[in-house]
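Each of the next two complexes has subunit A plus one more chain, namely subunit B in the first and subunit C in the second.
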Partner chain A sequence: MGNVVKERGLVLEKTFVAVGKQLTQAGVGQKALELILIGVVFLILVPFLGAHRATDFAIFCIIVLSFDLLYGYMGRLSFGHLLYVGVGAYTVGLALRYLTTNPLLAIVLGIVAACLAGMAVGAITVRIAGAAFALANLAFNRVGWFLVMSPLKDITGGENGLSIRNLSFWYVNFRNPTFRFWFVLASLLLVFLFLRIFTSSSYGVLLRSIKEDEKRVRFLGYNTQLYKWVTFVLAATVAGFGGALTALNYGYVNPNTLDVHANAGIVFACLLGGSGRLYGALLGGIIYMLITNLLPVYFQRWEFFLGVALLLIVFRFRGGIWGGLEALYSGLAARVKSGSSKEGMSR
Partner chain B sequence: MLQVAGIDVAYGHAKVLHDVSLDLEEGKMLFVVGRNGAGKTTLLRTIMGLLRPLKGSIYFDGGDITGLPPEQLYHRGIRYVTQDKKVFGSLTVRENIEIAAYSSGEPLSQALDKVLEIYPKMKDFLNLKAGQLSGGQRQILLIGQAMVGNPRLLLVDEPTQGLAAIVINEIARILKHLKGRLSAVVVEQNLPLVSQLADRVVVLKEGKVTQVLDDASEICNTSLLEKAL
Partner chain C sequence: MIYAIMYGLTVGAVLYLISVGFSLTFGTMRVINFAHTITYTLGAYLLIASMRSLGVPFFWGGMVGVAVAALAGYGIERFVIRRLYGESLDYTFIATYAVFLIGVDIVKWLWGVFPKPVSDPLGKTVDILGFVFPTYRLLVILLAIVVFFGLELFMRKTMVGKIIVAALDNREGVRCLGIGVEKYFSLAFVLGSALAALGGVLYAPITAVHPYMGSHILLLCFAVVLTGGLGNLRGTFLASFALGMLISITGRYWPAGSEIVAFVAMAAVLLARPIEA
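Our next item is the complex of A and B:
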């Protein structure tokens, strides 16, 4: 037991060192530019969608980013990721009802609760892989949903959900849609920056190695179970943050927040944008939300288009939209390069 | 340094190794030869902790390492280069080295220097996806990756299998370069290479050690080696 705790401590220490190194080495200017561009994209969305809907989009992007860490980078497909979104959301709702009047403290509690849930579930599920991993997580998600609906319904409100009190505190006013938008946008940028640094570090390289061949990673001295667990917990924590923001954005939490069927939407958004690419997760999140929000206005059976898009991705564009754009860019760059070298030779 | 003492290993009910023993001294190269299915790879996999022997023990530096998982053996200085030449194809060559450096705590620049020392041409491929390397280059990358940290014992499975003659020479040069710097157990069917590099040859036949050659004149005699198979 002592050894396991010591080893977990070493893994965490190594992770912090890797992330810290990346933070100090990588171009600050480039990262700032990336954040500004993402911010601009969401600002452009506001006049078309309204602040509340744009906030919803940004929260969904946070959840997809957290899922991408698990699936896109580490190669573990989970059908139970919404459990942590639900834990974050319900903790915020319950904390603001029974514990505190400060929404910021409630968010912290939501994040901690999702982290703890991730630690407990991850300790069991990271031991398995493939379909078993996906289904075990789905089972835990189902258990969470059942707890909310039945044994805990006196405090969660069961099917009726839970309205959130105390949405404003001091200068923090989650009743104001503009405030919510800016707060969530800042949160999204923070999450993106953190994951950008994290996935570019040696730890990120390790995650991609685990995705490719876990056995060989063990030959290089890694206790892969521990690294998978740390990553699982991190993904759950970020998802919990998304859940906490969802609760504050709606001022209401209901069991749909952790509906197991809605996991398909996160998986779909991740595949659509391009898994294993943070920009892919952002793009997938935005496009998926556009499809699910706008298509129903024009088509009664709009899900048909989602199905066709998924088939196209599976059979033709495995890297998703962002992967396709990357391939297009590198193809064009190679053509320009070969064109200029031919020109040089003819001279 | 490494002592395999009378191990029996089985896949399910099928026993593959029968009472296999071998001894390796510090800084020496031991080659395991034998026909296909003789149990050579099984022997390496057992030393590396991927299989647990039914009986017998494995000692490294006097300590019992029988059945210890690969990640623990790595930190004791044991490196395993598999025969499938599988690198992390979606990562760049640099990242393949970085992943080994991160594990051993060695600075990346130092790790890169170690790899470039054994194969300077790798410098041109550092930013290339490792999946784009040729079979020989992958093999060299794997050996280079194993050199990161403080390796003491190298387990190499069929390093020249399926490679062109020119690449085999390159790998022979690298193994010669490593000789004396660390200990190695190499599974190999290329007898001229064995006779060039081995300090000791163990012949495996149907899971049993049938012969151990220590004498340089015997090892250099490839026809004798062939007869032993």
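Our next item is the complex of A and C:
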């Protein structure tokens, strides 16, 4: 037992060290460059879509990133991830209505609430393996939706939703679309940076090992249940952050934020971009939002399209777009390399 | 109270019919079949379509529904699930969810999004000890019990059934005996789809028929299957009636909580006995 505790301490310690290293030493320039690039991509989107929609895209990307931590890195498919988005959003709405006038404090409360919800649900669902995990989360998502719709109708407004008061405070003015955009973009970059460091730490390696073969990791003496739970809670917390931002962006929360069927959208976005890669999640989020924003205008049967596209991804393109790009790049690199070596030979 | 018990039994019967196929496909193929919901919905819609446009009576409409849904089940097994055997569970889950999305959209396209009511096909009531029950519901309960014993007999006495039971227990072992399990899997899948469609047909007069009816009931079925034990057919039977009863009795005293209680029961069971599938 003591050994296990020691082992646990070791991974956490290593993670801290790695995080410290990442922050202080090499790779800072590269990370800064990456963040700037992501920021530039969103800034390019703004003139085409308008600030409001670009904000929407960025929030969706945060949610997909949090899902990718759970699915792409740990290999646990949850079909109830929107529960935490909903918890975050509703907590912000209720906090601004009854508790505080400060949106930033409300966001913190939303994150904490999502974290607590993730702790409670995760304690149960993490114990379940395989696809049953997905469905158990789905069931909890449904319970959350049901709670909002009917037993808590008096405070959540049921089907009509909840409009949010007190959107502006001090310099923080969520009524201003430009401010919202910058705030959300900064949040996205923060989340990305955090996940980037987190997934490349030794903890991230452990997560990927759990994805590959949980049993072996357990044989190595790691308490996988604990790590799965921690990751689940972390993903829920980030999703709650996304939910809180959603609420502030719309100034309005309704039960659709935790609609069970919308989970398919997150899964689809993650797979489309390429799961297990943060850039895949970003790309998938943006492309999915483009599809759902533009497609229904021209094409009414978008659910059909989504289904067919999902089947195609599952059968043919497991790596998603980012995976395809990576394969293309490495293929090209290999060809260039072999080409140059042939040249060398002939010479 | 007697009425609540009666309603609970009816709900339990329908839940059993749908979840048994679910449990069967999970037990044999290790596939969580989201497309199960679409065969259920399809059964109910075909019943309505054949009753309304062809004017056939309820019984034959139901037969058409079950037959076509079984065929659809075969198609789904042949073209989607068979390609994903042995893959990660997540991919089959996503693929069957995709089938569900496609199916729902086709249903919406063919029959529209609005709920369609179906009237009680018998319209008679029975008087037992001074309590008046609709005959139809009694028939539904009876049918579920018949199906249960029929399945028990099928699984125990016939060779095909024995192979399926053996595959539920240990798929590799059965394959080692030189039996091509895929054929039997496909049979189990079609059987499950047909039973789900039967559930849809029978439940149609009790609730409204709409494109998303399946996804709602699937969650309850999932609660049933997890409570009863995945791949455990008798456990499914017991759990469906127990949860049906729980739902109906809670609904009597606290209508808003009737749905939650099933999931609370599921969570309690899972906490006590986690699944290591």
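Keep this in mind: the second predicted complex is superposed on the first by the 316 of 347 C-alpha atoms of A that agree within 3 Å, B and C clash if a C-alpha of one lies under 4 Å from a C-alpha of the other, contacts with A are read in each partner's own complex, and residues count from 1 in each chain.
In this section, a residue touches a chain if its C-beta (ideal position, glycine included) is under 8 Å from a C-beta of that chain, and two chains touch if they have at least 3 such contacts.
From a predicted model like this one, the values you see are computed outputs, not experimental measurements.
In the superposed model, A:202 makes contact with subunit B only, not with subunit C. In the superposition on chain A, contact is made by A:212 with subunit B only, not with subunit C. In the superposition on chain A, A:28 makes contact with neither subunit B nor subunit C.
In the superposed three-chain model, the partner touching more residues of subunit A is C, compared with the other of subunit B and subunit C. Look at A:220: by the touch rule set out above, it reaches subunit B but stays clear of subunit C.
By the document's definition of touching, of the two partners only subunit C reaches A:147; subunit B does not. Contact residues of subunit C toward subunit A in the complex are 30-32, 80, 83-84, 88-95, 97-102, 104-106, 108-109, 212, 215, 219, 222-223, 226, 230, 256-257, 259-260, 263, 266-267, 270-271, 274-277. Looking at the complex, you find that subunit B touches subunit A at residues 48, 69-71, 74-75, 79-80, 82, 86, 88-91, 95, 98-104, 145, 149.
Across the complex, subunit B is touched by residues 14, 18, 202-203, 205-206, 208-209, 212-213, 216-224 of subunit A. Across the complex, subunit C is touched by residues 71, 75, 77, 79, 124, 127-132, 134-136, 138-140, 142-143, 146-147, 150-151, 260-261, 264, 267, 271, 301, 303-304, 306-311, 314-315, 318 of subunit A.
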